[in-house]
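Heads up, the next two complexes both have subunit A, just with different partners, subunit B and then subunit C.
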Partner chain A sequence: MLEITEGKEGQVTVLGLKGRLDVGSSKTLGDRLLKVMEAETKLVLDLSELDYISSSGLQVLLLAAIRAKDSNRSIVLASMKPQVKQILDYAGFAGVFQLTASVEQAAGNP
Partner chain B sequence: MSIRLRNDLAEIQRMHDAVTAFAGRCRLPEEVRLALDLSLEEVLVNVISYGFPDPGSHEIEVIIRVDGKRLTAEVQDDGLAFNPLEHPEPETAKPIDERPVGGLGIHLIRQLMERIEYHRRGEKNVLVMDKSWDRP
Partner chain C sequence: MPSRILVVDDEPDLELLIRQKFRQQIRDKEFEFLFAHNGVEALEKLQEVKEIDIVLSDINMPEMDGLTLLSRLSEQGPVLKAVIVSAYGDMDNIRTAMNRGAFDFLTKPIDFNDLQMTLNKTLQEVVLLKQGLREHEQLVSIKQELDIASRIQQSILPREFNPPGGVPGYEIYAEMIPAKQVGGDFYDFFLIDADRLGFVIGDVSGKGVPAAIYMALSRAMLRATALRGLAPGDCLETVNSVLCLESDSGMFVTTCYCILHLRSGLIEYCTGGHQPPYVQRASGAAVEVLEGTGDMVVGMMGKMPYHTKKTSLKPGDSLILYTDGVTEAMNREEEFFSDERLAGLLQQVPGVSPRQIIEGVIGGVRAFSNGFAQNDDITVLALRYLGV
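Take a look at the complex of A and B:
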């Protein structure tokens, strides 16, 4: 199960992900990202309540990052738990996304 | 424990639930539970997505054993012969627009498990994965 919440940190839209980003939930996130990114130049994903990410979830994030780069937008991944950070590291995401320790930090950086 | 799954991606939720219950019963360390859960999802997504070109229903068996501080998970399916270990490693160091999306699943399993073996046994693919913990 994945729960997606939407909020603001200053002027920046923040999507909060809670639960599991797996083969069953990654399409839901992909569709949501497509919609939200149409309106935003910068998007923060708050991963503080995300417990699990599999390659299906990684692929959705990678596709979103490619789309963002092509249209001069940015996506920042913030506040992930150690077990999620480890998977992102295995996938080499540090070279693809800006990763920050907090949502405030993610929203503040240009 | 063992669980039989149909070749339907919706079955992966049932596997997650079974692994969570099993890990609780066996008091698996959290890191091992997560490695098991994630590795099995990656294997099953591959098998279910690519193993069965025919429209029929197939059964996939997952067997998990704990022996002391060693976990072994075995996945058996009667799909197309496929050795995931022959899959090339993804280029995770490449810039975003130069890397192919996909191929990350087996890469994650290699990072998370200690030993992975593939056998073609008769008409079946058998993938065996091991992980131990508390090693000096």
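Take a look at the complex of A and C:
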């Protein structure tokens, strides 16, 4: 199960992900990202309550990153738990996404 | 092809009447009518002419009546539908006919508009049934093809673990257990030259046939590139750019590619989106995780840099590569097998052969999941350096 919440940190839209991002929930997130990114030049994903991310979750985030790059937008992943951080590190996300420790930090950087 | 309708009635006039009333449909090859005068003749016609769609039958006939005929029609296969014609108000016979599987009924004298509508309605049912039957057959054949695909896939992965070319210096063993009939995990090993052994593990995103095709593609490309003798980082960089050109399917493979230098025990490796291997020391020291190179999953984004890191093995040391199907195997309580359990298990069996390590890990995962169905492939490869 994945719960997606939407909020603002200053001017920046923040999507909060809670629960598990896996084969059962990745399409929902993918569709949501597609929609939100149409309107935003910068998007922060708050991962502080995300417990797990599977390879289909990685795929959705990577596809979003490719789209963002092609259209000069940016996605920042913020505040992930150690186990999620480890998966993202193994997957080489540091080379593609900006990863920050907090949502404030993520929203602050241009 | 016209729809075939067998009309069974002992009244000789009916044939002429039907040919006349439906002459347009007969000319347009919409309907083809066949005629029989009792149940016995009808069964003979059914034997003789294949693919009759509807039997339109009277009830009162000599030799074999319509109700007896009805009870014999089920032998003709599931698609054939019967429409019964009875005397007006003969509810008993109509009820019996419906109980014996008639699809619909008409009353005499026949209203030809009503007959036309009834035939059309019945034919729609026949078309649906035929379609259902075809789809069922297709599913059966897909399942047979999947079984074949599964065997092909298992045969792609090396099952012979004696050192290729008889070159000594190491032992290797691996196992891949697909969650479905065909999986997206793979392993491979090959001699690059007299001093270098390449070995690799990979995990394709997604499941089923698409993942299996991508797996076969990426494994072949990796082996072909690796045999050129490139360092692991350079090898994955090349494979990544080629796979990105090949497909924009959004699929990717996470992989850990290692090279063992047989004389020195030096290991070069690159982790492209994959968890780094464990090292089990012959000394019995705590099991270590190698530091990954932190590089991107392979096949997703072109022009990414990939790096090579180095470590070294002493004789008796083992390297264990695995896919996340191992650490994310679940039990009924939905707990993961986890890195901690895997490390703990490897700690308990120092200095054993790769085959024993693999059997230990897979046995451990099986005991943990205790029959709970897994939704990811489980793959482990172990290499023990012996020295030369």
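Definition applied: the second predicted complex is superposed on the first by the 110 of 110 C-alpha atoms of A that agree within 3 Å, B and C clash if a C-alpha of one lies under 4 Å from a C-alpha of the other, contacts with A are read in each partner's own complex, and residues count from 1 in each chain.
Quick note on the criterion: contacts are C-beta pairs under 8 Å (C-beta built on N, C-alpha and C of every residue); 3 or more make two chains touch, one makes a residue touch a chain.
None of these values were measured; they are calculated from a predicted model.
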| item | value |
| --- | --- |
| Room on subunit A for both subunit B and subunit C (clash or fit) | clash |
| Subunit B versus subunit C as contact partner of A:101, first or second or both or neither | neither |
| Touched partner set for A:34, first subunit B, second subunit C, both or neither | neither |
| Which of subunit B and subunit C A:24 touches, first, second, both or neither | first |
| Touching partner for A:56 - first (subunit B), second (subunit C), both, neither | both |
| Touching partner for A:90 - first (subunit B), second (subunit C), both, neither | both |
| Among 23-31, 77-85, 203-211 or 311-319 on subunit C, the segment whose C-alpha atoms clash with subunit B after superposition | 203-211 |
| Set intersection of subunit A contacts, subunit C complex versus subunit B complex | 23, 54-56, 58-59, 62-63, 65-66, 90-92, 95-96 |
| Subunit A partner contacts - residues on subunit B that touch it in the complex | 9-10, 12-13, 16, 30-31, 34, 37-38, 41-42, 45, 92-97, 99, 101-102, 104-105, 107-108, 111-112 |
| Touch list for subunit A against partner subunit C, complex | 23, 54-56, 58-59, 62-63, 65-66, 89-96 |
| Parts of subunit A lying in touch with subunit B, wherever the complex brings them together | 20, 22-24, 52, 54-56, 58-59, 62-63, 65-66, 69-70, 83, 87, 90-92, 95-96 |
| Subunit A-facing residues of subunit C, complex | 203, 205-206, 250-252, 254, 271-276, 292, 294-297, 300-301, 304-305, 324, 328, 375 |
